[in-house]
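Structures for review follow.
Both complexes shown next keep chain A, but they swap its partner, so chain B is in the first and chain C is in the second.
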Partner chain A sequence: MTELRRVFNYFTNNLDRISGYMLEHLILIVIAIALSIGLWVSLGILVRSNKKAADSVLGLGSLIMAIPSVAIYGILVSIPGLGLSRQSAVIALVLYSMLPILRNVYVSLNEVDKSILEAAKGMGMSDRQILRKVQLPLALPVILAGVRVATVMMVGIGTLAVYIGERNLGVLIEQGLKRSRSDMIIVGAILVTVFVVVIDFFIGWLESAAVSEGIKSDEGSKAGGEN
Partner chain B sequence: MGVERLFVIIQEQGISLIQRHLYLVFVSLFFAIIIALPIGILVTRPPFNRKINQILSFLNTAQGVPSLAVVAIFLPLMGVGVRPAIFALSIYALLPIARNTVAAIKGLDPDVLEAAKGMGLSKKEVLLKVELPLATPIIVAGIQTATIFTVGTATIAHLIGAGGLGRLIFTGIAMNSPEFILAGSLMAAAIAITLDQLLGLFQRRVKRKFGG
Partner chain C sequence: MIKIEEVTKKYPGMERPAVDKLSLNIEEGEICVFVGPSGCGKTTTLKMINLIIEPSGGKIFVNGENILEQNANELRKKIGYVIQKTGLFPHYSVFDNIAVVPNLLGWEEERVEKRVVELLKMMNLDPDENRNKFPKALSGGQSQRVGVARAMAADPPVMLMDEPFGAVDPITRNQLQNEFLKLQQKVKKTICFVTHDIDEAIKMGDKIAILDQGKLVQYDTPENILFNPANEFVEEFVGSDRSLKVLNLLRVTTVMRKNIKRIKEKAGIDEINKYFSHPEKNRILIENDENHVVGYLAKEEYHKISTAKGWNKAIRIFPTSLNKHNTLKDAMSDMLQHNIAALPVMDEEDKFMGIVSFRDIQSYIGEAYEENENEKELDENEVL
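Then we have the complex of A and B:
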């Protein structure tokens, strides 16, 4: 019981610091996810009709995914010019989001029904118009599902970035482990978990808000996928 | 940074740290598999199967809990050392295995199950001779995911005193020594990529054998 009280006290006594950490965590994720979407969605569009190129970039993505996040951080900070900096953290997160976003963009763009594309062409649309007005809107639910997977992963991997100089919610766990302060560890673990769940929920909500009513019924649910 | 020093570090500490790392990974995976498979199967049977979608989304969400949080929480619970690390790693690894087991059995064609029942197979026979063989490729994919996660999370296990390759990386960061960081990172990456490729190969063979 006293333990529970200590946890609670730590939380209430440090609200200022904790909200600062939370903001830092959020900033890191927002920067990384914005860059990732720009980069990997464009790359996905670029390779959409080139199976060979798509296979090799997806292969690279899954190779990166296999590397432990601590190892990626370690390799990045050893590169002169990067070091213990926010750049290293952001680059790592962007690299990790390659597979979930790129794969979903590529797969969903290629899954669009051929007869729909045929119809669009028959209406006199250019390739560019077909991409922007037909393929991308139809692919949006699956693309967002990939973004969701990537974001959730980033929150977790971002926690570890405290070891390369970030000051986010992971600090509570890092300091708690270093000083054997269980109250800090417990507060940190609970907060990052809540943070992940809230962000997951938020993007799920965004998904349902952003997707056109007409295609919601059958596309939305097959999200996630195997990874 | 000295490449020579990098090799010296790998030579002197590499083998024992890799051994410890693999020990953590395989013991944890063993526990994860023997716990996750029965749980996964149980979830697809009545009365649990009515809640199957909720259970799946719970497993998906739980997977999102940062590995650092899972590892760290075992320090107040069990103290430091190899035992709490294996506990944490096992729990983290059983999520993808359980999820894939549930998803694989749930995703089977109902017609196939109907046909098996029509041939007079008992429930147990349907499970052992139809459902599990057909679900095997996806279950193996879950084990592959779990293995990769565990190799990564095991680097963090150093923080609760379990040793492994994380020691080189975290010591390197503390001492500001790129050689240490790089030695640990490269070895951890090599282990992860090797295991991933091997399991991918295995998974494709399983898929061919059971026809996926």
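Then we have the complex of A and C:
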């Protein structure tokens, strides 16, 4: 009971500081996810019909995924021009989201039924029209599922960016550990979880708004349910 | 309308070409069915007409223009394309699916709306009920109807249909075939139709192109394919029951006898006696005052009853009658079912048109084959 009270007290007494951390966290994630989507969806589209290229970039993605995040941060800050900066944090997060987003883009674009593509071609649609009007809308639920996984991961890994100068929710956890302040750690952990839930909810909303009713009940919920 | 000249398709690493110097002409407004066993090149040939597959050699003209000199996407917008799995866009409503090509062509909204509604009606789909449905909510038959509507959306003069009715149950298939034939009488498209089912080919085709190993084996009307198969392969492919298939193809009017002697119901015995005195006359049609055929009279029954008061009691009523759209198969089926050797053909107003007899069908088919069979088989027929 007293522990719970301490957590609550810490939260209410430091509301200003904590909301500042949250905002910083949000900004980092939004920048990183925007860049990731732009970069990895484009790359996925580029390699969609080239299995060799796709295999090598997906391999690279898996490799990055295998490197511990602290090590990546360490490598990035050692690069001249990056150093202890937001750029380093953003780049690390973007690199981590490579595999989940790229893989889902590549797989979903290639899973579109061949007969649908043949019909599209047979009606005189150009490759670009087929991509925009047929493949991407059909792949959207799976792509969004990848984005969801990437975002959730970013929120977690983002906390570790405090070691390279970010001032986000990770501060609560890092400081709490250093000072053996369980109330701080618990507040940090709860807020990170809330963060994830909110983002998950937001992407779920995005999905229901952007995905066609015609494909919703089957692929949509299945892909979303992967989390 | 479609002219295929020495067209060849060779895939790398394959020993024989998938399509080998194939030439044929499809006349405007005709349905030409490509049929053959799997791997015969029928689908490949079809897909070369809209450049889904690029020919390795030869020329294809659609409407007088060499398609190889055209932009493939522009060409495809002018050719309707229907495939077996429908290929409907699952994320588009029925309306949007049908509107794909008109939208690609940049039609105005109003024109698209009008055309889609018109097509839905044409396909026997209620526009209000179906326009907002998504493909997943459609039955197999409905999907195929939407697929055909989509192919016809921009009113292309040419349509390519790749086993369009292959994936639906036999009852629905039959229904779709009939609807499509009816529609075709109105729209008169030039159609290339691929199937592996010879019965479908016979039913749908104005002409049938039988392919084997990439080569055209026979290109002819269904009648000629059945009566006069070019070689053993065709003979085997159309099946040993091809004479039965002919029955399905020919209308009763082809063997119907028109000017048949009829006697009024009120005629006197003398007239009938005189007619039956001829040893070869065994039956006579009886009609009433309005020239409606009421039945027939058989000689033996007439003789049995002639002592009694009225000969009319010996008149037998036809158990059923045919109409001019019936096939010989329908006629035979009715004859077998009712154990009768001849049936009258009536027009829409139930007026007598003529009579079809078992024997006439037999001799018609027999003669048609005799012209083409060799002598040995002729001898066998005589013995029988």
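Couple of notes before you dig in:
Criterion: the second predicted complex is superposed on the first by the 223 of 227 C-alpha atoms of A that agree within 3 Å, B and C clash if a C-alpha of one lies under 4 Å from a C-alpha of the other, contacts with A are read in each partner's own complex, and residues count from 1 in each chain.
In the analysis below, a residue touches a chain if its C-beta (ideal position, glycine included) is under 8 Å from a C-beta of that chain, and two chains touch if they have at least 3 such contacts.
Predicted model only: the values in this text are computed from it and were never measured.
In the superposition on chain A, A:Ser126 makes contact with chain C only, while chain B stays out of contact range. Within the superposed three-chain model, A:Glu118 lies in touch with chain C and out of touch with chain B [touch as defined at top].
By the touch criterion stated above, A:Leu160 is placed in contact with chain B alone, chain C being left untouched. With both structures placed on the common chain, the touch criterion links A:Ser212 to chain C but leaves chain B unconnected. Touch criterion not met for A:Ser19: it reaches neither chain B nor chain C. Of the two partner chains placed by superposition, A:Asn50 touches none, neither chain B nor chain C.
After overlaying the two complexes on the shared chain, residue contacts for A:Val134 are found with chain C alone; chain B is out of touch.
When the two complexes are overlaid on their common chain A, residue A:Pro68 makes contact with chain B while staying clear of chain C. More residues of chain A lie in touch with B than with the remaining chain of the pair chain B and chain C. For chain A in complex with chain B, the residues that touch the partner chain are 62-63, 65-75, 77-78, 84, 152-153, 155-157, 159-160, 163-164, 170, 173, 176-177, 180, 182, 185-186, 188-189, 192-193, 196-197, 200, 224, 226-227.
The part of chain C that touches chain A in the complex is made up of residues 50, 52, 72-77, 79, 81, 83-93, 100-101, 104, 134-136, 147, 150, 160.
Interface residues of chain B, counted against chain A in their complex, comprise 1, 60-61, 64-70, 72-73, 75-76, 100, 138, 141, 145, 148, 151-153, 155-156, 159-160, 166, 169-170, 172-173, 178, 181-182, 184-186, 188-189, 192-193, 196.
Taken in their complex, chain A has these residues touching chain C: 113, 115-126, 129, 134, 137-138, 211-215, 217-218.
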